[in-house]
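Some structures are shown below for you to check.
Below are two complexes that have chain A in common, paired first with chain B and then with chain C.
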Partner chain A sequence: MSEQKVWNKTQRDTQERMSHASQYFKPGTKVFEAKDAVAILEAVIRSGDRVNIEGNNQKQADFLSDCLCKLDPARVNKLHMVQSSVPLASHLQAFELGIAEKLDFAYAGPQGGAVAKAIASGKLKLGAIHTYLELFARYFMDLTPRVSLICAYEADKDGNLYTGFNTEDTPLITEATKFKGGIVIAQVNKIVDKVQRVDIPGEWVDGVVQSPKPFFIEPLFTRDPALITDTHILMAMMALKGIYAEYGIKRLNHGIGFNTSAIELILPTYGEELGLKGKICTNFALNPHPTLIPAIESGWVESIHCFGGELGMAEYAAARPDIFFIGPDGSMRSNRAYSQTAGHYAIDMFIGGTLQIDKYGNSSTATAGRVAGFGGAPNMGCDAHGRRHSTPAWMKCGNEFTDQQNFLGDVPRGKRLVVQMQETFQEKLVPSFVEKLDAWKLAEQAELDLPPVMVYSDDITHILTEEGIAYLHRCKGLDQRMAAIRAVAGYTSIGLQAKPEETRALREAGIFKTPEDLGVDRSRANRSLLAAKSIKELVDWSGGLYNPPARFRNW
Partner chain B sequence: MALTQLKYEFSPATPRALPVPAVHFGVVGSGDMEVIIENKDLGGKAVATVVTPVTGFDHVWEMVLRRFMDECQLGNVAISINDNNATPVVVSLRLRQALLEIEG
Partner chain C sequence: MSKWQTLQTRSFLESTARQRAQGLVDEGSFTELVGPTERFISPHLPELGEAVEFDDGVVTGIGLLGKHPAIVISQEGRFIGGAVGEVGGAKMVGALKLAQSIYEKLQAENPAEVQARRPIVLISFETGGVRLHEANAGLLAHAEVMDQIQNLRHKVPVVSVVGSKIGCFGGMGFVAAATDVIVMSEFSRIGLTGPEVIEQEMGRAEFDASDRALVFRTTGGKHKYIMGDCNYLVPDSIAAFRQQAIAIAALPMDAIENLRRIGSRSAIERQMQLVAMAAEVSPTDAKDMWKAIGNENPQQLIDANYTDFMAQAKRLTPAA
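Now for the complex of A and B:
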C-alpha cells in the first residue's frame, strides 16, 4: 500500500506555527502588541528558514528587525536572510549573534563595511549581490521567503495594509511569501479602524503590530542645491547640449548625485534658453527628487513613476496627480518592481555617477573593505536586450554604435544611452579613473566569484567629465574606446597617458568633444544658472507643498 | 593647517600681455581657490606661486598650470593662487574663468 502523498506541507506547517502565535492576538483580530512581538517571532520562525526583513533603500521594518535579534540563538539559528537591503545595524547584528547565517541581498548602503567584516569573520556567508529586479525574480524562483517581516503606514484589525507613498517592495515580498504558503508579519505606524486604501489585502497578512515608533526612512534622494558647485553646472550644461539635446532624450532615469541634481535645476534656465522644453525630459522613472520641482512647476515634465517615496515630498506629489501616480484615495503609490521594470525596458537613457572607472570603461562603486551592493543601477545602466520598441533617441544611438554590425550584419537595432557623469577627481583628490578597479580586491577579500561591476564597459555609451564627453559607442574596437577614455580622464594617471595627436583625431571624428566643441561657455558655469539655489527656494517653488526633513531646514 | 608654497616658471613661445593691470577671481572656500593675475615685467616670462595645504601633488599643479599657460600664452605676468583643497578640475575651471573675465 502506498503512502498518501501530501501536497500542502508548507501550508500545514504554517498553520502549526500560527497555532503557537494565536494566543497573542487580540481576540477576533490579527493584531498583537509590541511587547509580544518577540514571542510571535519565536513562534513562527524556525532554524534554517529563509527570512525577509523588509529593508529596501528607503523604509525599514526596523522594529521587527530589532525583535529578530532578541531571539535565542540556541533555538533559532542558521537563518538565510533574503532582503533588498541591509542598511541597519540590527541587520548585521543578527549575524553577529549567530541567529542568521547566510545573506542574499542587493544593497548595503551604510553597512557596506560591516558586511565585509562579517564575511571576513566567517559569521556571514554571502550568497550573491543582486540588483533589485534580479533578487525579486529569485523570490519567485529559488529564494522564496518562508517568513517575511514587512512594514506599512496603517493596518486595520483584519490585517489590511496601507503602504501608500512608500509602498516600495511590500506587495512583491508579500505575494512571493504568502502565495507559497509562507508567513507575513507587518509592523505598522498606526492601527486604524479603516485603512486609507488597501494596498495589501488582509488575507495575505498573518499578524500586525503597531511599532513603538514610526518606521525609519532615509531621505536618500534629497540634494541640497546649496552644495552644487560650478563644476557640476559646467558638466550639466555639457550634458544638456551634448547628450539630451543631441539625442532628444524624453524618457529617462537620473542617478542620485549632485551632477544630475544640477541638470534638473538648470532645465528651467539653460534648458529653456536652448529651446528644449517639450523635447527632452518628459517622462521619468525616478524617486520624487526635490530638485526636480522647478522643472515640474515650469511645465517640463509629463510623468514620473517612483520606485519609492522621499521624505517631505508626499504632499507635493499628491497635489500633482497629472504628473505622479496617485490613487483614488488621493495619495501616491510607489512600487519598486514596476518602476524598475519601467527603468529597465522603457527609458532611453540612464545617467548617473560612480566611484571608479577603469581604463576599459567598466565602473564600480565597490571599494576595498566595503560591500556596497548594486541596488537598481545595473538594470537601468544597461541596454535591455529584450527591448523591441523603438524611439528616435534609441535608434540614433544604435545607428551610431559602430561595432554592432560585427554581430548583427545589416539588421538595425537601437541602443540605450548609458552615461557615466563623473568628475575626474573626487574629494581629497581621489582619482575617478583607475588602472584596475578596487572591486577586484574586494572580490578577493570577500571571496566573491566575480568583481562587483556596477556598469560594464560594453553598456556604457558616454562618459562625461569636466574635460568633455567621450562618445564611446562611436568607437571602433577596444583600443579606440580606451583612447577616448584617456581623453576625458583629465589629470588622473589614466588621463596623463593620453596622446595629444590621438585626442585631436578623436575630436575630429566627433568621438570626444570639449566644452568649446559643444559651444558651452565656461564663464556661465556658475550658480546663477540654478533655478533654485537652496532647499528654501525649492519649498518656495512648490508653493509650500514640499516639507523638507528638519536636517535640511536651515532658515 | 600647514601650507606649502610652490613656484613655477613658464616661458611662453609667443608671449602676450594681460590687457588689464590685474584680475582677481574665485574665493578660498573649501574645495575652491582664488587666483590673482597681475602684470609684471619678467622679460616675457610668467611665474606662478601656489599656496596650498595639499602635499604630494606638485607635478599635477605643474601640469594643470602648464596646459593653461600653453593655451593662453600670457607673458610678463605673476599668477598667485591661494588654494583650499581644490581639485585639478576646479583649478582649471577657475583659471579659464579668470581669463574669460578679462577677455569678456
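Now for the complex of A and C:
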C-alpha cells in the first residue's frame, strides 16, 4: 500500500497560518485594526516566502509596506519580493533590515539609486528586471506570490474591495495569489457597509484593514503646459505632419514627457488646421493625461483605456463614459494588465522619450548608479511578433521596412511604428546621443547579465529631434541606419560625425527630413499653438471637472 | 490685425519683456532705449563663462499713454530668472532719471499742463532679485533704483505691473513695495524670500515650496489683493494691464499718494493694525486671514474665476 498523497499542502498551510491571525479579526468579519497589522503579517508571512507588496507606479500599499519593515528579521527573513514597482523607501528598507533578500520587479523610479546600492552592498539579490507584462506572466508561472499585500479604496466586512479608478494591478495580483492557495491582505482607505462596486470579490481576500492614512499615489502623468517650450512645439508639429498624418495613426500610446504633451495640446489647433480630426489619434491605451482634455473636448478621441488612474482626473473620466471605461456604478476602472496587452497587440504606434540613444539606435533610460527598471515601455516600444491583424498604418510601415525581405522573402508583413522623440540635448547640456549607453556601466556595477536596453534598435522605426525625423526602417542595413541617426543627432558628438553629402543623400531618399522638407513653418512653432497654456486652462477646458493636485496649481 | 493689436489680446503671463513693453503703451508709440542693438552686455558674466544677452534681460524705453509719456521698464524672466545685474540695473536707473527730467522740463516750461501731461513709469517685474553672479553691482543697482523712486515721489507715478511667470521676489520685492501703485494678475506673485529659500531655511513643515497652491495663496495676486498689498487685480491680458495704467495715469497726484501701502504715518498705522490683527488670528494659512477679513468660503474664492472673485472677495480696508 502506497502512502496517501497530499495534494493541498499550500491550502493546509494557509489555513494553519490564518488560524494564528483569526484572533485579530472582528468577530464574523475579515476586518482587523491597524494596530494589529504587524501581528497579522507576523502570523501569515514565513521566512523564504514570495511576497508581493502592491506597488504600481501610481498607487502604493504603503501602510502594509511600513508594517512589513516592523517584522522581526530574526523570525521572518529571506523573503523573495515579487512586485511590479519599488518606488517607496520602505520597499528598500525591508532589504536593509534583512527581512527581504531577493527582488524580481519591473520599475524602481525614485528608488533606482537605492536598488543599485543595495545590490552593491550584497543586501539585495536581484532576480531580474522585467516589463510589467513579463512579470505578470511570471506570477502565473514560476513567481507566484505566497502572500500579497494589496490596496483598495473601500472594503466591506466580508472583504469585498472597491479599487475603482486606480484598479491597476490589483485583480491580477489577487488572482495569481489566491487561486494558488496564497494569502491576500488588503489595506483600504475606508471600511464601508457596502462597497460602491465589487472589483475584487471578498472570497479572494483574507483580511482587510483601514490604513491610518489614504494610500500614497503619485501624479506621474500630469505635465504642466506652462513648461512646454517652443522646441517641444516644433517637434510636435513635425510629429503630426511627418508621422501621424503620413501613416494615419489612429491607435496609439503616448509616453509621459513634455514632447507628447505638446502633441496632445496642438491637436485642436495645428491638427485641426491640417484636417486630421477623425483620421488620427482616435483610440488610446493611455493613462488619463490631463493634457489630452482639450483634444477630448474637441471631439478627437473615441476611446481611452487606462493602465491606472491619475490624481484629479477621476471626476472628469467618470463624466465622459463614451470615452473612458466606466463601470455600472459610474466610476472608471483601470487595469494595467489589460491596457498593457492592448498596448502590446492593438496599437499601431508608440511614441515617447528616452535618456540615451547610442549610435546604432538602441535606447535606454538607465544611468550609472541607478537601476530604474523598464515599466511598460518595452512592450509598447516593440513590434508584437504575435500580431496577425492588419491596419493601414501597420501595413504602410511594414511595406517601407526595407530589410524585412531579407528574412521573409516575398511575404508581406506589417510593422509597429516605434518613435523616439528626443531633443539632442537635455537639461544641463547632457547629450541624448552617445557612443555607448551608460546601461553597459550599470550592467557591470549591478552584475546584470545584459545592459538594460529599453527599446532595441531593430524595433525603432523613427527618431525625431529638433533637427528633423530619421525614418530608420526605410534604411538598408546598419551602416545607413547609423548615418540617419547621425543626421538627426545635431551637435552631439555623434551628430558632429555626420557627413553633409551623406545627409543630403538621405534627404533625397526620404530617410531624413528636416522641418522644411516636411513643410513645417518654424516661425509658427511657439506657445500660441497650445490649446491650453496652463493647468488652469485645462481645468477650464474640463468645465471644472479636472481637479489638479495642489502642487500643480498656480492660483 | 496689426502686431500691436495682436499683443493686446495676448496673455500677459505668456508674453516676453519686449512684447509687454510694446503692448502696455499706445499703438506704435514705443521706442526702445539702450536696446539690444547697442550690445550693452554684462561685464561680469563672460568672466564666469556664462552666456550674455544684448539687452542684459531688461527692456527700457518710452511710449505714450494718451498725452502722458510712459517710461517702461520690463524684465525678462527667461534670462537668468530676470535677476538684476549691473547693466540691467543701470538701465532701470537711467529710465527713472529720464522720467524725472521729463517731469522737471514740463514743470519749468508748462506748469499748467503738468496734470494732463505728466509722465508715468511702468515697471513690469519678472525677477528673483539680485543676480548672484554680480551681487555687489546688483545690490547697488537695487539701492539706486529705490533712491530714484523716492526722487519721483509726489511728481511722477511709479507703477508696478506684476503679471509674469516668475513674479517679483528678492530685493525687487522691496522695490515693488516702494512704488506708488501695484497692479497684479492672479497668476503672478510678489514676495521677498522665495518659497524654495523659505523651505530650505525653515524646513518643509514651515513652508512646502512644492505645494504650488500654498505658494500661490500666500504670495499670489488674489492674496495680495485681499490683503491690500496690491491696489488692483486685473485679468491676464496685456490690454487689461494697459487699461489699468491709463486709469492710473489720469489720477491726480494726491490720489496716487493715497494708493501707497507704505511710507506715511497713516500707512504705518494701517500696518500696525494688521500686525495686531494677525497676532489675534494667529493664522496658519492665508485662508485663515481671508476668513478673518470676512470671506466665508476662502477655497471657493481660490477656485473662482476673475469676475466671480472680484464680485465676491472682501478686502482688508483697501489703501484707497
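FYI, the second predicted complex is superposed on the first by the 554 of 555 C-alpha atoms of A that agree within 3 Å, B and C clash if a C-alpha of one lies under 4 Å from a C-alpha of the other, contacts with A are read in each partner's own complex, and residues count from 1 in each chain.
As a convention for this text, contacts are C-beta pairs under 8 Å (C-beta built on N, C-alpha and C of every residue); 3 or more make two chains touch, one makes a residue touch a chain.
Every value quoted in this text rests on a predicted model; they were computed, and no experiment measured them.
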**OP:** Using the superposition on chain A, decide if chain B and chain C clash or fit.
**Re:** clash
Original post:
Is the number of chain A residues in contact higher for chain B or for chain C?
Top reply: B
**OP:** State whether A:490 touches chain B only (first), chain C only (second), both chains, or neither.
**Re:** first
**OP:** Kindly classify A:230 by the partners it touches after superposition: chain B alone (first), chain C alone (second), both, or neither?
**Re:** first
**OP:** Mind working out whether A:466 is in touch with chain B, chain C, both or neither, as first, second, both or neither?
**Re:** first
Original post:
In the superposed arrangement, does A:360 touch chain B (first), chain C (second), both or neither?
Top reply: neither
**OP:** State whether A:525 touches chain B only (first), chain C only (second), both chains, or neither.
**Re:** first
**OP:** Based on the superposed arrangement, let me know which partner A:552 touches: chain B (first), chain C (second), both, or neither?
**Re:** second
Original post:
With the two structures laid over each other on chain A, which partner does A:427 touch: chain B (first), chain C (second), both, or neither?
Top reply: first
**OP:** For A:24, decide between first (touching chain B), second (touching chain C), both and neither.
**Re:** neither
**OP:** Select, from 45-53, 99-107 or 153-161, the region of chain C that bumps into chain B once both structures are placed on the shared chain.
**Re:** 45-53
**OP:** Name the residues of chain A shared by its contacts with chain B and its contacts with chain C.
**Re:** none
Original post:
Quick one: in the complex, what on chain C touches chain A?
Top reply: 11, 13-14, 165, 186-187, 210-214, 216, 220, 222, 302-303
**OP:** Going by the contact rule at the top, pick out the chain B residues touching chain A in the complex.
**Re:** 31, 54, 57, 60, 63-64, 85, 87-90, 92-93, 96-97, 100-101
**OP:** Name, in rising order, each residue of chain A that touches chain B in their complex.
**Re:** 229-231, 234, 423-429, 465-466, 490-491, 496, 521-523, 525
Subject >> Parts of chain A lying in touch with chain C, wherever the complex brings them together >> reply: 226, 527-528, 533-534, 536, 550-555
